[in-house]
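Across the two complexes that follow, subunit A remains constant while its partner is subunit B and subsequently subunit C.
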Partner chain A sequence: MKSDSWKPWALLAPSMSAVFLLLVIPVCFVIVYSFWLRAPSGADIPAFQFGNYAKFFEDFFYPKILIRTIRIAFETVFLCVVMGYIPAYFFYRSTTRYKQVFLLLIMLPFWVSFIIRTMSWINIMGDTGLINHFLLKIGLIETPISMLYNEFTVLMGLIMYLLPFMVLNIYVSLEGIDKSLLEAARCMGCTEWQAFREVTLPLSLPGVSAGCLLVFVLTAGTYLPPMILGGPGNDMIANLIFKRVIGTLDWPFGSAISVILLSLLFAIVWTYNRYLGINQIFKSFQGD
Partner chain B sequence: MRQFSLGWSLIRLYTILVYVFMFTPIVVVIVLSFNPKQFGIFPMEGASLRWFIKLAQNDSIIGAFQNSLILGSLTAIISTSIGILAAMAFIRFEFPGKNTLNTLLLSPIMIPEVVLGVALLLFLRWLQQPKSFALLLIGHVVLTLPYVLLIVQARLVGIRKEYEEAAKSLGANAFQTFREITFPLLLPAILAGALFSFTISFDDITATLFWATAQNQTVPVKIFSMLRNSISPEINALGAVMIVLTVTTPLLAGYLSRKFSKFKP
Partner chain C sequence: MATGKKQPIVQFKGIMKRFGKVVAVEKMDFDIEEGSLVTLLGPSGCGKTTLLRMVAGLEEPTEGDIFIKGVRINDTPIHKRNLGMIFQNYALFPHKTIFENVAFGLKYRDVPKEDVTQKVTRALEMVRLPGVENRMPSQLSGGQQQRIAMARAIVIEPDVLLMDEPLSALDENLREEMRREVDNLQQMLGVTTIFVTHDQREALSMSDKILVMKDGRKQQEGPPEVVYNEPTNHFVADFLGHSNFIKGEVVAVDDQHVDVRIETGDVLFAENKGGFSKGDAVEMIVRAQRFDAFPMEEFEPTEGLNHFEGRIKDRSYMGGEVSYFIELGNNREIHVISMMRTRIYNLGEAVSVQVAPHHCHLIALE
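What follows is the complex of A and B.
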């Protein structure tokens, strides 16, 4: 069927041109712009120089934000694994007829806008929010505790955003485990805990690591929780990009920071793919 | 007896606590939207529809809703159409560079939305075009395309090629085969993909904030700009409307598609 060889290309043409025109070329523009100069008047001057990158690394101000971003991303990954594994395991082993409902429920936050999920924490942790109201009512405190606008609230916002991704990834890999392996382990005299430790846990690790990568990448690229739930000292690298591009219209420097963020994520995704393979990530989105 | 063991009870308790953590903030938004007070959050002083009425009278919010609905629908239509074509190419044909191209089309999932936002805006600036509704639309298509592709591909793999071949051997041309065989079998995935891209577009804030203007606001952007002052019952009311809309639509669609689906390959 040699005459068919043009067909896939015709089918691919619309989506390929969309991605090329709207993603590949624009990202190339970001890279090119990161070498440009910004005139004092605010105009961008085509150039090839590393001044924007030098500016980023010239003192500790920007690198500190980069390091903070990486640290917060690791913290979020850790918290998502801790909070997400057990529920995923629960769905996997649960035999109740409400299992589908439980699963649907954990997906529901996906359907609620990120901005609403983020701002909803103000209702909970604000000075007149749920927690303070409750503590005042039972008389544990006399004046409201100020809980908002720090790294903790930023983490809460991030977990609210990313936990479903983690649960889903872990659940998908747990569902993929051949249940006869567990039965075999039990037959050989393993206790429930041993069977989990020796069979289930190792076999679910691909899902855990896929979830970790996804959560890391998404955390490192987000600016909303620090912007809404964080204080001045909680900015992450995406906040920096937002401020440079939307705030001060400093396109060359904003582009350079974007390239730095992209390189960081690329290095992480590349390393991950090299050793673990990237395809597991996409499985969780395919559903059934 | 596993279901009654101590360990299992702890697992169940832990899961319930995680649910409480995830859902309390969302439920509280809905509850507080009935709060008649102007300032502060708790305690609630009764319940009223005051803020919903105020929302309905606010032209800029109605405008944002219209924008969001049109944008989401167009995004869903475009993304799903070109996504189906691409999925057909990847699943039904063999060609050089297939895996690389597939990864390329899925790559927007792994590229931070901030960078997408900056990149597209920069490109537009270079073309000397102002921000417009079209920018939001093409941006949202790029954002949602990978999800449609994943969903449709997954379903298409499960549809046996023999059905299509049978139709062709009976004399149907490529378009007829698609219309009579592939499309009906693919319909659940198409609907799921369309819904998914609608909600992603409807809910998106990170990239949209780069692309939106005062004339082309979406509801999340509106919420963002209202939050500049402080949280208010009005924002909670708007949030509640959004939650109800974006949560019930997929549930309803899922229910309807299960009820009416006649095709179970």
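What follows is the complex of A and C.
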């Protein structure tokens, strides 16, 4: 063995220890907790039993929330792809000098607190919000229309949060496409649209799939948009965990739900990796 | 030299291209004959690639017209021009197999399925890469990828084959080999080819006609031997080969010769090709290979040739030949490339130099 084979490990050490301390250990705690018992008094009793998991699958109440979470995540991914590809493609084709400024604007929402951004929809779409206020003023309606607290507004909040991730992922992979490939396709008889279908679209798919994975995972684990913009029937799995742990201080059950979510996401990512290759994500960041 | 009987297949008429305020191609007329290989030669930024891209439709001319087979194609969209384009970086589709790459153009030409397979196989045989149909471009070497790009361009039987510095990404030895191959293929197919390069050796060895460009302007057009031997200006002579530029003044003109007094005070005879009269300021262009250097003691001047004396100032041995810088009087230096008929001369050695009048080419001093 070469004497300097320790070097890569030394370079990795800081981030590895951070991941270990801040991620691996807490997750282990959660897994351990998920087997504990909760006494009627509220105390947590160390144990090894599957009661918390059994409780989750006892009736359809909890699995329904899990299924809803997955469904909303897929819907969000789909909408983000459709709504994200168009601006990404626009940035890619645009020759304006302000391209960099536009890209910066895409990042702009990240400079404002996620909670504030989400809450601001209440000021726009709430009963006393901007839209209702305006419609009342011009006399189109007499009582405010109730627009908030349904699945549509939850999706809206999620898309607002996640769209930039999708746009940037797609944009980066589009930028990586050699423009002479398009010219070659055109010279061989493709119309602009056919060249897009033959060259641009397939070559940008790595970016699309990277964006999909990112959006999917982030959606499945988020709880703010449903909490702020959703009604009682729009809870997602993270809201459930939040309510168990913060609301009723039921750590064992909350942990069990977390482990179930984690396993499900792991299974999805693993399958994705199996068929699409997770390194696609890294490829899309290689640019040129 | 003139093969003017053939029909021009590509014609540029008053073609001009501006990018904003920058003129990429200055107004020019240029014809390309059917079946010929024409090289656009010049340093980078001279407009040669822009000219090519205008034929392909990838750039729109600011002014002027382009005709292919007598039809004005300015407004024909790219995909309706039947052209084969070969790019410097090959531009193979990385997500498609070699078969799909080569068959790409056929797919958009409604060629029946059975014919596609047959045509692709034939094209791959022509570029001497049979049997790679199922591989991906990334599995092939650079030279092989360029062959595939060639197969992809010729399989559609284009009216004109456009090549944009196709060999410049290859290493030296491979480039030589590919150059011969492109040349053979072009002759075999007889397809009109426009070849863009900044490499004079490529241009001289392959072309039927060379168009030398600089700063968007046409400098000279003609067969390689004319452009090389009879450059019309300083730039062309300087860009192609190793030239000596000797300033002088015409002191006498007769039927056969123009006598020029050069800076050293010597009078050299140049062949009279017309156009010069006594008193003209001229520049005499002599290729470094055209001078012969002899040892002083063995030198016997040949009747009718120019001869003068000099001293070896610098030399570099280049294997097949030796490159000398020979100092004449008056601080004037000439570059001589000698095929080493006798021996290598020493630094400081006095030599006699001889050059035939028909190798002394005159241009007006710019």
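Quick notes on this one:
Keep in mind that, in the parts below, the second predicted complex is superposed on the first by the 262 of 288 C-alpha atoms of A that agree within 3 Å, B and C clash if a C-alpha of one lies under 4 Å from a C-alpha of the other, contacts with A are read in each partner's own complex, and residues count from 1 in each chain.
We adopt the following convention: a contact is a pair of C-beta atoms (placed from the backbone, for glycine too) under 8 Å apart; a residue touches a chain by one contact, two chains touch by 3 or more.
Only a predicted model underlies this, so the values are computations on that prediction, with no experimental measurement involved.
Placing subunit B and subunit C on a common subunit A by superposition gives a fit, with no clash between them. Once the two structures are overlaid, the count of subunit A residues touched is higher for B than for its counterpart among subunit B and subunit C.
Between the Cα centres of subunit B and subunit C, as seen from that of subunit A, there is an angle of 80°, stated in steps of 10. Once the two complexes are laid over each other on the shared chain, residue contacts for A:29 go to subunit B alone; subunit C is not touched. By the document's definition of touching, of the two partners only subunit B reaches A:246; subunit C does not. When the two complexes are overlaid on their common chain A, residue A:203 makes contact with subunit C while staying clear of subunit B.
In the overlay built on the shared chain, the residue A:145 is in contact with neither subunit B nor subunit C. In the superposed model, A:47 makes contact with neither subunit B nor subunit C. Once the two complexes are laid over each other on the shared chain, residue contacts for A:267 go to neither subunit B nor subunit C. Between subunit B and subunit C in the chain A overlay, the least Cα distance found is 9 Å.
Subunit A uses no single residue to touch subunit B in one structure and subunit C in the other.
Within the complex, the subunit A residues that touch subunit C are 178, 180-181, 183-191, 194, 198-199, 202-203. Touching subunit B in their complex are the following residues of subunit A: 4-5, 7-9, 11-12, 14-16, 18-19, 22-27, 29-30, 33, 83-84, 86-87, 89-90, 93, 95, 102, 104-106, 108-117, 119-124, 126, 128-130, 132-133, 159-160, 163-164, 192-193, 217-218, 220-224, 228, 238, 241-242, 245-246, 251, 254-255, 258, 261-262, 265, 269, 278, 281-282, 285-287. If you check the complex, the residues on subunit B that touch subunit A are 2-3, 5, 7-8, 11-12, 14-15, 18-19, 21-26, 28-29, 32, 40-43, 81-83, 85-86, 88-90, 92-93, 95, 101, 103-116, 118-123, 125-126, 138-139, 141-142, 145, 147, 149-151, 153-154, 192, 199, 202-206, 209-210, 219-220, 223-224, 227, 231, 235-236, 239, 242-243, 246-247, 250-251.
The part of subunit C that touches subunit A in the complex is made up of residues 56-58, 77-81, 83-85, 87, 89, 91, 93-95, 104-105, 107-109, 152, 156, 162.
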